[in-house]
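Two complexes are shown next, each including chain A; its partner changes from chain B in the first to chain C in the second.
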Partner chain A sequence: MRNTIAVAGIVIKELYRRKDFYVLFIVTILICLVMASINIYNDANVVRYIKEVCLDLIWVCTLVVAVTTTARQIPAERENRTLLPLLAKPLTRVELILGKFLGCWLACGLALLCFYLFFGALAASREHHWFLTNYLQAGVMQWFMLGMVVALSLLGSLVFAAPSSNATICFVIIGGILFVGRHLDQEALQLAEPLRGLVLCLYFVLPHLEFYDLRDLVVQNWPPVAWEYIGLALLYAVFYQFIFLIGACLVFRRKAVN
Partner chain B sequence: MVSPRPYWLLLVALLVACFGTAARLSPQFEGWRGSRATGDFFVVLLGDERKMFANTFYIKADEYYHSGYYPSIFDDNAAFRTAHMAEDTGAVDSKNHGDEHGFLGPERNWIDSFGRHFFPNRHTHLDEGGPGGDLGGSQEVREILPWLKLSADLDPENVQTYTVTAFWLRERMQNVKAADVMLHEGIRHCPDSYEIFFELGRLYYDSYQDHTRARNVWEHGVELWLRLDPATPRGRQPALELVDDWLSRPLKLVAEQKDNQLVMEQLTTHLAAMDTADGHWTRAIEWLRAGERVSLTPDRIQARIDELNSKLDQELHPLLKPLY
Partner chain C sequence: MSIILKTEKLRVEYRSREIRQGTKVALHGLDLEVGTGEVFGFLGPNGAGKTTTMNVLLGFVPPTSGSAYLFGIDVRQPIARQRIGYLPELTYYYKFLNAEELLRFYAKIFGLPRAVADRRIAELLKLVELESAARRPIKSYSKGMQQRVGLAQALINDPDLLVLDEPTSGLDPLGRMKVREIIQRLKNEGKTVFFSSHELGEVESVCDRVAIIHQGQLKAIGRVAEITGTHANLEKAFLEIVGYQKEPAS
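Then we have the complex of A and B:
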C-alpha cells in the first residue's frame, strides 16, 4: 500500500508541475467571466446560462485532464526508460498500476475541487445562495465517473501503441456513451438481428457514464437526488473501475517493460 | 558576412505589393454579394449556418422553460413540436399532440429505470414556478431570455423569437421598455410580420394603456395578414374595408394564412373587444365576423355576435316605439 501511495504522490506532483491544468482553469475562468458580463435585458439575476456554460467547461476540462494525464503515464515511463528501474525496486506491477490509477484519480479530484469552488463562487455571486448538497452530489458523482475514465485510459495505454491514439479512442468511447448510451436499447429495437442483439449486449455491458451527469439538475436547481441512488451509482462506478484495473493488471503482467 | 540589405528591400517591396493589391481589390470585395464583411460578428464567423444554431438556441430556451425536462432526438417529441414557451403566449398555432408529461414512456429496463433518477424527470413550466412548483417564483422565466437573445442575434428574421421574448419580458419581468425595443427591432428586420404587430398592440394596450396606437398596429396586422393572399386589393385602404372585401369573397386561405389563423383570430377579437368597449358595435361585429371565419371555436364568436346584434336592436327600439 505504501508503494502504491508513493507512486500516486509522484503522479499528483506531475500534475501540478505541468501547465495543462492551469491553462484549462484560466480559460474556464475567462470564458465564464466574459459570459457573466453580458447584459441580458438589464436583469442581473439571470444565472442559469452561466452555470451551464461553466459546468460544460468543467466537464470538458476534467475529461481532458483525466484522459491525457493517464494516457501518457506508462508510455512515458517506458520511453524515458524509467519503468525497468522502477520495477527493480520492491514494487510489483499491480502496485504500479494501482499507484498510477490512484494518482491520476486523486489529481482529477484536486482539479475538480478547484473547478467546483470557482463554480460555487460564480453561482453564489448571482443567486446569493449555495446549493451545497447539489454541488456536492454533482462533484462526487463526476469524480467517480472520472475514476472509470482514468481506469479505462490506463487499460488503453497498455493496449494501444501511442498515447495519442489511446486518448482519441477514449474520447470517442466516452463521448459516445455520454451522448447515446442512454438510448442504445431504443436504437437496437430498430435494427435487425444479429445487430440488434449485439447493440443490446453493448447497452448492458457498457459503463453508463451518463448516470453521473447531474448538470441539468444543478443548473435548473432541481432538488438533490436521493442519497440511496447516489450510493448505488458510486458502487456501480467502483465495480467498473475494478473491471478496468483488473484488465490493466492482466495486460501489464504479460507486457515487456523495455 | 552577407549583408541584410537585400532582405530588407525585398520585405519592403513585398509589403508595398500587398498594400497595392489590397487597395485594388478592396472595392470589388465590398461590392461582392458573397462577402461576410458586414461587421456582424456572427455573420463573419458562421455565414448562413448561424440560422441552424439560432434554432438550436431557440429550442434551448424552451428546454430551460421546462427546467431541463425535454425530449432528445431519440424520444417522442410529438408534444413538443411547437415550443411551449411560444404556445403559452397565446399567439402561436400549436402543432403539439400527445402526452407532454410522459414522453419518456414506461421504464424499459433496470438501467433506464435507475438512470431516470439523475436527470429532470417531471414536466414543469418555469412561469409556474419550475421544479419547486411555487408560483411565487414565476419570475424564474427570466432564465430563458439569454438563449432567446442569442437566437435573435443569430437569426434576425425569426419572428417568433421577438414575440416570445417580448411577451415574457412584459408579462413576467415587467420590463416593458425592453419588450418595446425588442419588438421594434423585430419590425426593422421583419416589417411584414403581423405576429410582431399583434404583440406590439398588446404592449400598447395592456402596458401603456394607449388604445389608439394599439388599434393602429392591430389594424395594420390585419392588413398584413389579409395581404398574404394575392387576391386582396393592394391600394391604401382602411383595414375594415379590406375585411369587408374579404368577407364578401368565398373563404380561400393561402398556405401561410392557414398556418397562422390563430393570430388573425386574436387580432380581430382584440379589435372587436376594443370597439365593443367604445360602443362601436357595428364595427365590432365586422371584426368578429372576420375572426369567426378563421376560428377553431366559431360558436363562441357567433354567441358574441348575437349578443352585440341584440344590443344594437335594443338601441334602435326606442326610436321605433313611438310609431306604434
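Then we have the complex of A and C:
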C-alpha cells in the first residue's frame, strides 16, 4: 500500500504541475461567466441553461483530463525510461498499476472538486440556494464513472504503445458507450439472430457510463435519488474498475520493460 | 566471501517482430558469480549482452531459461531488489520534480522513515554536489547533473549491491573522475559494485575482477591481472578475447 500511495502522489503532482487542467478550468470559467452575464429573452429560468452548459463542459473537461492523464502514464514512463529505475526498486508491477490508477482517479477527483465548487458558486449566485445533496450525488457518481474511464484507459495504455492512439480509442469507446450504449437493447430487438444475441451480449457486457449522468437532477433541481440506488451504481462501477485493473495487471505482468 | 549475485545457465531469447528473422539469442547460458565487497567489471562490445544481463538481474526481462539470484533470492521476486541500487545507462527522471522530491519519492518506495530519508537525501545531495540545485526542476539540469541525480537515487537505500550500466557514458573527464571516486568510496565501505563500461582504463583502475562477454557468451572471467596476462593492458587483452584482428596495412 505504501508503494501504491507513493506512485499515486507522483501522478497527482504531475497533474497540478502541468498546464492541461488549468487551461480547461479557465476556459470553462470564461464560457460560463460570459453566458451568465447575459439574460436572453429575460427568461427567469435561464439559470437552468447556464447550469446545463456548465455541467456539459464539466463532463467533457473531466473526461479529457481522465483519459489524457491516464493514457500517457505507462507509455511515457517507457518512452522516457523512468520505468527502469522505478522497477529496479522493490516495487511490484501490480503496485505500480494500482498506484497509477489511484493517482489518476484522485487527480480526477480533485479536478472534479474544483469544477463543482465553481459550479456551486455560479448556481448559487443565480438561484440563491444550494442543492447540496444533488451536487454531492452528481459529483460522486461522476467521480466513480471517471474511475471506470481511468481503469479502461490504463488497460488501453498497456495494449496500445502510443498515448495518442490509446487516447483516441478510449474517447471513441467512451463516446460510443455514452451515446449508443444505452440504446443497444432497443436496437437488438429489431435485429435477427444471431446478431440480436451478440448486440444484447454487448449491451450487458459494456459498462453503462450513462447510469452516472445526473445532470438533469442538478439542472432541474429534482429531489435527490435514493441513496441505495446510488450505492448500487457505485458497486457496479467498482466491479468494472476491478475487471479493467485485473486486465491491466495481467497484461503488464509479463511485459518486458527494456 | 559470500556470493551476492549469481546467474546459472542464463539464456535470453528475443523474438523478432520481423517474421523472417525468427528469434535472436541475447545470452547463451551465462554463469556468473559476484562476491560481497567486490568491484566487478562487466565488459563486452556493443550488443554483447551486458544490458540484457542487467535487465534480467533487475527483473525487467524474464529469462528464457536458467536462473538469476541476488542475495540468494530469485530476481523475479521484488524483495530481491530491496538491497540494490541501479543506475541505468541513460538517465531520465520525472522532469516535473526536483532532485529532492525525486529522492524522497524513491526513499518512500524503500520504506525509509522520514527522519532517515531527510538525513540520507542531504548526504547524497552533498555527495553528488547538487545541494544548490536541489530545488530546481530536473528538466533544467545538464546531462552531467542528471547522471549525478541518477547516482544519488541509486544510493538512496544505502545499497549493499550497486548495479551501474555504463555510469560514465557521456560524462566529461571531471564527471568521470567523480563517478570513479564514488565507486572507490563504496568499495572502501565494503559495498559490492557490478558495472558495465567501455572505458577499459577506468575498469582496470577500480575493478577487482572482470568478466568479458561477447555475442551472449562468457569469454573470460577473473582478476584484472589474470585477464591482462602477458598483454600490455586490459584493452589489448579485451581485443584479443573478442577476436578483433587489425586489418593488415595494404
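The rule is short, and it goes like this: the second predicted complex is superposed on the first by the 254 of 258 C-alpha atoms of A that agree within 3 Å, B and C clash if a C-alpha of one lies under 4 Å from a C-alpha of the other, contacts with A are read in each partner's own complex, and residues count from 1 in each chain.
By our rule, contacts are C-beta pairs under 8 Å (C-beta built on N, C-alpha and C of every residue); 3 or more make two chains touch, one makes a residue touch a chain.
Please read all numbers here as calculations on a predicted model, not as lab measurements.
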Combined model on chain A: chain C and chain B, fit or clash: fit
Partner chain in contact with A:120 - chain B first, chain C second, else both or neither: neither
First, second, both or neither for A:210, with chain B first and chain C second: first
First (chain B), second (chain C), both or neither touched by A:247: neither
First, second, both or neither for A:85, with chain B first and chain C second: second
More chain A residues in contact [chain B versus chain C]: B
C-alpha centroid angle, chain C to chain B via chain A, nearest 10°: 150
First (chain B), second (chain C), both or neither touched by A:14: second
First, second, both or neither for A:220, with chain B first and chain C second: first
Which of chain B and chain C A:186 touches, first, second, both or neither: first
Partner chain in contact with A:38 - chain B first, chain C second, else both or neither: first
Three-chain overlay, closest Cα atoms of chain B and chain C, distance in Å: 34
Complex interface listing, chain B residues touching chain A: 64, 67-68, 72, 74, 108-109, 111-112, 114-115, 117-120, 130-132, 142-143, 145-147, 149, 169, 173, 175, 178
Of all residues in chain A, those that touch chain B in their complex: 38, 40-43, 45-49, 141, 180, 182-183, 185-187, 203-204, 208, 210-214, 216-217, 219-223, 225-226, 229, 232-233
Partner chain A, residues of chain C touching it in the complex: 51-52, 55, 58-62, 78-79, 81-82, 84, 86-88, 90-97, 101, 105-106, 108-111, 150, 153-154, 163
For the chain A and chain C complex, residues of the former touching the latter: 2-3, 5-6, 9-10, 13-14, 17-18, 80-82, 84-92, 254, 256-258
